Structures are given as structure tokens and as C-alpha cells.
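You will see chain A twice below: alongside chain B first, and alongside chain C after that.
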Partner chain A sequence: MSKRLTCDVVVVGAGVVGAACAFYAARAGLDVVVVDRGPVSGGTTGAGEGNLLVSDKEPGPELDLALLSGRLWAQLAEEIGEFVEYEAKGGLVVASTPGGLTALGRFAEDQRAAGVVAEPVDGDSLYDLEPHLAPGLPGGVYYPQDCQVMPALAAAHLLRVSGARLLTGRTVTDVLLKRDGTVDGVRTSLGDILAPTVINAAGTWGGELAALAGVALPVLPRRGFVLVTEPLPRLVRHKVYAADYVADVASDSAALQTSPVVEGTAAGPVLIGASRERVGFDRTFSLPVVRALAAGATKLFPFLSDVRAMRSYLGFRPYLPDHLPAIGPDPRVPGLVHACGHEGAGIGLATGTGHLIAQLLGGKTPDLDPAPFRPDRFPDFPDEEGA
Partner chain B sequence: MRTPLDLAEAHPDPAFTVTLDGREIEALPGQTVAAALWSAGVTSWRTTRGEGRPRGVFCGIGVCYDCLVTVNDRPNQRACLVPLHPGDAIRTQEGTGHDD
Partner chain C sequence: MTDRPHLAVIGAGPAGLAATVTAAAHGVRVTLLDSAVQAGGQFYRQPAAELHAGRPQALHHQWRTWERLRDALARHVAAGRATYLTDHHVWFVERRLNQQPGTADRGGPRGAFTVHALLGPEQEAPVEVTADAVLLATGGYEKVLPFPGWTLPGVLTAGGAQAMLKGTLAVSGRTAVVAGTGPLLLPVATGLAAAGVEVAALVESADPRAFLRRTRALAAQPGKVAEGAQYAAQLLRHRVKLLTRHTVVEAHGDERLEAVTVAALDTDGRVRPGTERRIACDTLAVGHGMLPHTDLAETLGCRLDGLHVQVDDEQRTDVPGIWAAGETTGIGGAALSLAEGHIAGRSAAARLTGAEPDPRTWATAAKSRTGLREFFAALDTVYAPPARWTDLVTDDTVVCRCEEVTGGAIREAVARLGAGDVRTVKLLTRAAMGWCQGRMCGPAVAGLAGCELTPSRRPFARPVPLGVLAHAGEAEDDEHQ
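Now for the complex of A and B:
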């Protein structure tokens, strides 16, 4: 059956970024339809850990967006926090050597100047915060602004309270353009949805959607595994990770990188990350990767060597060449607005992204300068996967 | 009454004894913990961590992790996947299974 719908805004993608765009656009009074070829949270959102982090970000536009997003998540938590397992748990970054601690201290100093709360932690206080850490660590930095949500629930509840119409199981097959080249809506496998604005929140598949509108956006997948333990009493209190993680996040290497990221969850299991590889959309289970994750986590928390890992899952971070998302109107196709390419930070950055886009759609001055996120900042970027 | 054994024309070796919270129940060679518990009329052997609700087999194929159970003092095993051996001690499980 083919049915034609009309609305103000079509959001393509029912992950957390699409949900946040729908939420803030609807709160601004727009009539919003969200469409996804799969279910809610069926892509990268459902494969995430739900981190809302400032700790891993160096001063710059991404950190500014993370700080804005953190404030918005805290506001949202008053409304839906309980449903989405919002937890202001704080992050603890741990150095493994005195030299590493010095470098981490400098990094934290720069972050403090940019508005991050970053408290130096000496070797003794480390064990007050996390009693089960491996002995002999020199210290770290505590980031009370780091929070967590259960990402699949976050997207679902944002969509629910947005009041937007949700159409899942519908594949967008084309972006409809008027004669003058402006957006007229999308064609889907179950009929057209007409709207003057289309938001590309297709995550790792955002480049494909952009191509349907005739423009290039070099979003590439960066694979990551998460290892899940059996449910445990609360033995890991914060998000705890090794200082090397920050360097891995910012790296451009295609080769496998792992650095231990360990956190307890409200539901009981401990989640262990984080790996990064550029291997396309390969969903094959990789024992070497998961083994490296387990080894790294056990080095940080020796008790984990007696704990069973129950399963692992993987996902594909939507990665743009300069590690910044694409947020805002695409000057090449009036009416096309991008909200994708958040790499591994999409859950955290979703609220700020949706908020900025709603401000831009409403003709308001955005809280942050969106210039660094311009979607047309990659002129003729070569196809990296073939390189 | 027709049983799954008839339907599959199975001729298993003789049954053996395992325990559920100390009570003896019978199991057939090759049976999983879940199959033996169902055969013994037990459909719930865990309570949820949040609200203490009863849980047993949901998916039955190792995917959903709802049927977690303690076997030979090892908590959080999937009852639908773990095969039984003579003398195995199955224990119902509360919370995380780690006495928290």
C-alpha cells in the first residue's frame, strides 16, 4: 500500500541522534516524521555503551558540543532519566605510569580551561573511588560530568515523548527534489513523505543518504566490540579507562587499536571496550579483538579474571575524516540538514545536535557556532576505503 | 501420551540423577538444564535483579540470557545451553547470583 504523508520535517534514522532531532524539532512546534529502514536503535545506537563523556575530548568544538549536550541530558533526565537509566556516575581516567600521569594532568588542565570539571586523583584516593583497581597505579583524573544512559532506551523514550510520528521498517530509497533543486521530501519503500526539510540522521549510513540527495559526505565505519560480563554486584562504580584511550579515539590509523574501558551498568553486567578498526561493515566476530579487550580490562581490574564474559556485540561508529560530526544545513541542497558522523560519541552528543538543529531550523541564533560541523567541509574527499 | 522422545524416535541411555536446590530430579543424557527442569515441572528458577520477578526459559536458544541459573556453584549459566552430567548440582538463583 502506498500512502503519501506531509509534514514539516522528515528525520531519516531512528537512532539516538534522529530521536533527539525529532524531540527538539517537535518541541519547537514542528510536525515531525521519523523514518527508519529497521527498528528504533537498530544501528550504531543499539551497539553503543551509552556514554555521555567530556573526559575523552580535547578542547575544541567537539568538547563544546559535549558540554552543551551534557547540560541538555541533565535537563532531559528530569523528565525521562528513570526510563533511560540515566546515571551521573562520573568518569575516572587512570594513568599506568608516572609519565602518563604527568601527560594526563596537562590534558586535564587544558580541559579545565575549557569548562570541564577535572579533579586530579592521587594514588591513594584512586582506591577510594575504585577499590578493586589493580594495585600500584600512580593516579588519575576524576571527571564528575561523565554520565551514562542505556542508549537503546534513550532513543526510544526520546521518540516517545517527542510526539513525532514514527515509521519503522521503511527504507528511504530517494531524496525528492523540486525543480529548483530544493528538498521536497523522501521516497520510501512504502510511499513518499513530503516535507521541505529532511534531516540526515542515518549515522554510519549517512553518506549513502547524502548520495541519494546528490552530495558527498565521507562517513566511514569504524568497528568496535563490547564485551559483556555476567551480572555482578556493583564492583565498578565509575566509567574507568586507561589514559591511552584518548589517543586511540583521536587516531587516524586503520589498524586495530584497543584500550581498556570498563564500566558497571545499572542492570548488573560490566561492559568492556574499546576497540577501533577500519574494516568496512564486516560483522564477523573477532576473537583477537575480544581477547585484547579482556586482557586490558583484567589488567585494570584483576577481579575480572574470575568473571565470566557472557557475550559480545559490535557496532560501526560513523567516522568522518576530521573526527567531527556533520551538523547543520547542507548549502549544496537547500532543505537537506545533516546530523550524523558522531563517531563513538553519538549518544552523548545527540542532545546538543538536536538542539542546535532545532535552533537553526527555527532561524534562531544557535548556542554554539556550527561552522566547525559544516557538512560541506570535505571538498572532493577521496574514497578512503579503497586507499 | 506422545512425548518428544517418541516424536524424535530417540532411544537415550538410562536417566541419571541431578539435584535442584538439593532435591533429586532425573535427567536424560544430552539434556540441558532447562530441558530437565521442564521435564520435572519446574518452569522458573531465577528471580530478576531489579524486582525479584520469576524467570525461566524465554528464547530457549542461548540468545536472551533470561534463563540464567547456578550449576555446580557457577552462577549465570544459560540453562538452555548447559548439558547435564550425573550428580550436577543446580541451584535457583537470586539477583546477580553472587550473593549480593
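Now for the complex of A and C:
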């Protein structure tokens, strides 16, 4: 089985980001091989929710990437939408106090200036949008651009239609370099794959892959729990969350944050997610964390009190110190391209990431300035293990 | 009694009952919780009291053991040494890490664990029991493998047929086929026959004669040999046809089961073409053995060994304060569960009262544990589903009943979408995402995906209302902060 393969691009990682990179690169005419040590969607992609959100992002490079990605997801949906449970359902952010509503209004105004559609919703219209919300809420903001996919299916079907070759069950053990220091391919547990370009889409393990090529990239895990209920008829119509969520997402704190996003899914169960805490790769189930998720969800939607949680799962978001992903060529090792560190937004940002990388590989002018995502932007970042 | 150390025992089958009466007799206060309305677990499953079964003992052997345990439990309950909570469905055992670390070899700090249960058939009202140590005696559940027609009414698991016999007694006048593999098929077939069911055939995919060659394990278990001989005699008396190295390839019927097709297997476990024959029946009891219930243990962080909870000589798990006994630690029948429960009860009682446990006090149980484990390990090498059982699963056979996922959908997820284990098949097909959370279809999904069955993580042993979850364990947390 150790025969040598040759191709234009090796993508390491068959999560949603690797799948999107493979898709856009192959559509641009490149011969692409995707390798993963496990199955497709076996990493964080299989442990995430499929929110494609613009609503939770403040103006800046991440929001620009989210808007681009949203447009690309909509295009993709024409081809594979039904396979990946794509739904343009919209998000509803609710304030719990009049003061909170004022702050949310200001946040939305800035977002509108950056190209987000954000419609103020008063106390009455709130209940037209979501009849089962807790009574007495002052209002919120509606974001029609927020969408949803089923992440594991998204990665699998992007790969299926990409035309890329998929090799699962192969661990990349080394990045092969030529004498002149440029990339020559990867060594795997089942033989070498030669290519002038290697894309690091190893998610939370992207730092380890970068290290194989001799460069530092400080990707760290941020744990999240999700609760899944028994299947229900559509009682929750949009993605609904309390305004505090935005502060949690942007937070730099290691402490636990649990303001939940509540949403119905095409298959019936309601998803309640997700907590955020930095505890390394600790897989221990935590009652206090899921209790807080349940409390938050039942506060928003009191009817959920009688609905059963069937299961809970956890995953480790890949994050970088400034909470932006690493996207693009690594000037330190020519031929090495990074596409990792998308934290809690990798499903949403996958399309934009894959598209930008295909443009950069093809020598085209990218739709967005990739500078804020430069992978070598963390000079001498101290080695930090699972902070 | 409240100053006694407190042990919570989960599961009132042979293991949990033996542990409860042993620990309660040796200085420990015990709370025994079980989801069933009556004690007994799988083995001593009781006919519902209102049926007033005249001679329920006719359905059981080892009836005297059961009576002894039941009476001892009643005595401990009356004396306040034990509390027995029926209809308590444990969904989670919480390890309270905010406790002061205590003497680990005494079972952990006082009040180290909270057992979270849901009460009653509706499983709605929460109950929390705080204990110094916990013994998991949650037993096992039946391994189910799909084949065309297996979802027809009239097709039952072996345990389902047994429960039907022991629970409701209303079965006579039917024709049944008992099929699958393993020693449990014998009591099921003879039990059905004794209750007046015509057992048209006992279809066993293994060749039990291979077992007879393993004389060492057998010689050590004269009781088991006698038990086997008894069953064989009963099969003969009821004229039950025994078909070894055969399997059911399909169940037929429109609205419900009318017949099955059985066929012979070759040495590779494939169906031998031309050997198919049809047997009319209205009941098919299929069993492929048992799998340990490990949800609670797994979530507590106990180390598993393959599919079962790993324990030491004293039946302790690697989590201080958690013991495990019975089929959750490996499948081995009622007598083994009793022995393990006894040892666990002794060990927990000693450690919780601050004494060094003395293995001599359980020497007899330990001896029988060694012999029975050896015996069942030998059984395991013989009894197995046909090596090529997945060949029988057609693309339109439903594999996951909860989510109605077919064999074809699972094969496609593996071959075309890159799924490679039970988790990714689940994510890509929804198989195992429904009400039973893969307890039923897990082994089938693993087989079709061509991978090993590994224990899946199920943080909730039972579905739990979000309103209960939102407050679970809150009270104690305030108390102890």
C-alpha cells in the first residue's frame, strides 16, 4: 500500500474546512488529494453545530469573511443544499432588558454599515417571529442572513462533489521539504504523497501539523458542549439567542460562558449550544456546564422545560490568540498553506476560506484582503500547552 | 442508621441484590435503586403481582436463592439498614469534585456522589440521592442484529420472549422459532415449550459441539454441565428440533410474522445455497447474547476494558468510591453476578467503615467467580453470530428503527461519503440518533461499517427533561460552597 501518489495539492484534514479547500481548489482545475487520519467529519466538524452566522460578529475581517462565506454557501446550496440540510432560516437575537435592547440596537447599526441586514424587532413582533418565547421580552434584532447546515453532511458532500481524491485512515506524520526548504508533499502512515502545495486544514491539531513543517502556529482548544433534545415539530423557527451571547463569543476569558443558541433542526431535535471554556482537551462530562445550557434555553423558551435532552456532546474549537483563523500561504515555508483556527465559526467560514485559498493558489486577486489572517502573525508566540 | 456510611447501589438484579444485603449486613446504610417496579433484574424477572401466578417458581431455577435474597432485603429494609427505591430511573451519577478530597481507599469523601434519578413510569419528577460510594450493578442489554423482516410484529428478542413468559404468562397456543446464538436460547426455548408454545425449531448459528472439546472449562463447572444436560433433555421431551450451524435469513409476513426462512451455514459463515427452508410460525425469538450497560460508568470516567467496566479483585473500578458488579463488568450469567455482587458488598462495607477488606471473607465467592469467568470466556469463543451476517442485510433492510435508516444508506455513507466508524455513520445517516441512542442498532452499524463496536458515550443513561437538567445538583452545590 505504500505506493507514491503525486498531485497538485494535498489537503490535510477532512473536516469542513479541508472539504471546502478541496472543493474550490479542485473546481479551479487542480488535482487534489485529501488525507485524514480518521473518517470524514471525525474531528471538530462532527462535534459542532451548523450555524452560519453573521449576527454574532462585530465589523472587521471576520465579519467580512462571514458575509463572503454566506454568499458562497447560498450558491453551493443550489447544488448540494438538500443533502446538507441547508436552511436560510434567519437568526433572532433577543434582549432581556430595555438597556440591553439599546446596546443591541447600537451593535446592529454598526453591523448594517458593514453590509449586514439587521432588522430591529419590537416587543410585539418578537412573538410573531417566535410565538413560544418567554413573555415580556422587550425586543430584539432579526438577521435574515443567518443560515444553517448539518456540518458533518456538509463536509462529506462537499468532498463528494469536489472531484478530489479522499484518503481516510492515514495519519500525516511529516511534511516533506525539498533541499531549498520548499514543500515537497507529506509523509503518511501509508506512504508519501508528493505535491508542491500542502494545505493545513487540521483544525484544532493545526499547530501540530505546522510543527511538522518546522513552523509555530499557536492553535489551542476551546471546549464546547451541545445539548440535543428529542425530535419536536417546528416550535423554534429561527436561531434564537440572548444578546449576551455576542459578548461570550468575543470574550478572551478562559472561564466558562454558556449563553445558549437555541434552534430547531430539519431532522426535528432542538440543538442548544454551546458553552465555551478553555480546559485543554478534557473530555470529562460536566454537569454544571450542561445545566447552565439547559437553564439558559428554558429561560428563553419555557416550553422546553418538559422537553427531554437525549444526549449531549462536546468538541474542541480550534482558536488562535486573536480569535481569527490562519488563512493563506506561510512565507516561512513556501508551499505550505494554512486553513485552520476558525474557532466557533469554522462551519460558516469554511466556504470563504476555501475560495480565498483557491484564488491565492491560482494567482488571482482575492475577493478579500487576506492580510488579517496571515499565518505568521504570531511572532515568537510562547509555547503554551492547552491553556 | 444515618451515621453509617452510605452506599448507593444501582440495579436490583442478582448482583445489586447480593451487594445490598451483604453491605447492609456489615455496617453500611444502603440505598438500592432500580428502574423496574420489582426487584430481580433480568434473571429473577417477576410475573406482575396482580397476575397471581400460581407457581412462578416453575419458571425459575435457583428460585431458592432468589427467595433468600428477597427476604434478606426485606429484613434490612425493615431494620432501616437499607432503602429500596423501585421505579427510579438513574440518568446520571455525579462525581462531586468540589468536595474536600478524602480518604480515597475508604471509598472517597463523604457525600462524594449524587445519584440523579427520574421517578415513575413517566420519568418526570427528579430524585437525588447523595452517597459516599456507588456500586454500579446495571446489568446488560441484548445485542440485536438486523435481517430482512426483523421489524415485523411477532419478532422478539430472546429477552423479550423471556419477559413475556415470566411477566405475563399468556403465550400458549402459539408456534415459535427460537434463533440466534448463545446459551440463553436454551432456557428461552424450553421455557416457551413448557408454557405450551409449540417450538418449531431452535436455530443456532454456532456449533456447540465445539464447546464440548473445551473440557477444562467444563470440568470446572459440573453444575453448568448438569444445567445443559437438563435443557437438552427438555428440548428432547418437547420435540424441539435443534438446527446447529443454521441461521434465519428472512422473516416473512404482511401485517405480522407468518413464517421464517432458515438456512445452513458453511464453515466461513456464509449461507449454503439450496439449504433454505420455510418454517411457519407466529413468534420468532432472536438472541445474539448480551452487551454490558456502561453508560453511567463511562460518564463517571471509569476505565472500560473493551465493552465492559474494568474492575479489580474487589470489584472496584479505577474511580475511587465506585464499585461495579454483575454483567456491567462482563457477561456471565446470574451465578457470576451473585458472586461479584457479594464480593463488591463485602469490599465496599469494609472500606467504607474504615477496615481493610479481608479476601478470606469472600473466598467461596471468589472461587466461583474465577470458575465462571473461565467458563463464559470459553463459551464466548464458540457462540458467535454467523461470520458473514452482514451479507444477509439487504440494502432495503431497516437497520435503525428509531430513525428508519436502511442498510443501503449505511453502506453508502461508508463507501461514498467517507464515514469510517459508528460515530461518523451516525452523523451522516442519523442511524443511532433516535430514542434508543444506538443501544439497539449500534452493533449492526459497526458490523456494516466494518469496524469494531466501541462503547459510545451517552452522558445521559435516560433522556432527561430540560427543566430537571436545569436544576440538577444545584441544591447541594449551594450547600457545599
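FYI, the second predicted complex is superposed on the first by the 382 of 387 C-alpha atoms of A that agree within 3 Å, B and C clash if a C-alpha of one lies under 4 Å from a C-alpha of the other, contacts with A are read in each partner's own complex, and residues count from 1 in each chain.
Heads up, the rule we're going with is that a contact is a pair of C-beta atoms (placed from the backbone, for glycine too) under 8 Å apart; a residue touches a chain by one contact, two chains touch by 3 or more.
All values derive from a computational prediction rather than experimental measurement.
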Side-by-side fit of chain B and chain C on chain A, or clash: clash
Touching partner for A:A156 - first (chain B), second (chain C), both, neither: second
First (chain B), second (chain C), both or neither touched by A:L304: second
Which superposed partner A:G46 touches (first chain B, second chain C, both, neither): second
Which superposed partner A:R291 touches (first chain B, second chain C, both, neither): second
More chain A residues in contact [chain B versus chain C]: C
Which superposed partner A:A14 touches (first chain B, second chain C, both, neither): second
Touching partner for A:A267 - first (chain B), second (chain C), both, neither: both
First, second, both or neither for A:G38, with chain B first and chain C second: second
Partner chain(s) touched by A:P233 [first = chain B, second = chain C, both, neither]: first
Selected from 149-157, 293-301 or 311-319: the stretch of chain C that, after superposition, runs into chain B: 149-157
Interface residues of chain A shared between complexes with chain B and chain C: 230-231, 267, 308, 310-311
Contact footprint of chain A on chain C as seen in their complex: 92, 94, 124, 299, 301, 413, 416-421, 423-424, 427-428, 430, 433-435, 437, 457-460, 463-467, 469-474, 477
Chain B to chain A touching residues, read off their complex: 49-50, 65, 68, 74-76, 95-98, 100
Residues of chain A defined as touching chain C within the complex: 14, 38-42, 46, 152-153, 156-157, 159-160, 166, 168-169, 227, 229-231, 267, 269, 272, 284-285, 287-288, 290-291, 294-295, 297-298, 304-313
Chain A to chain B touching residues, read off their complex: 230-233, 267-268, 308, 310-311
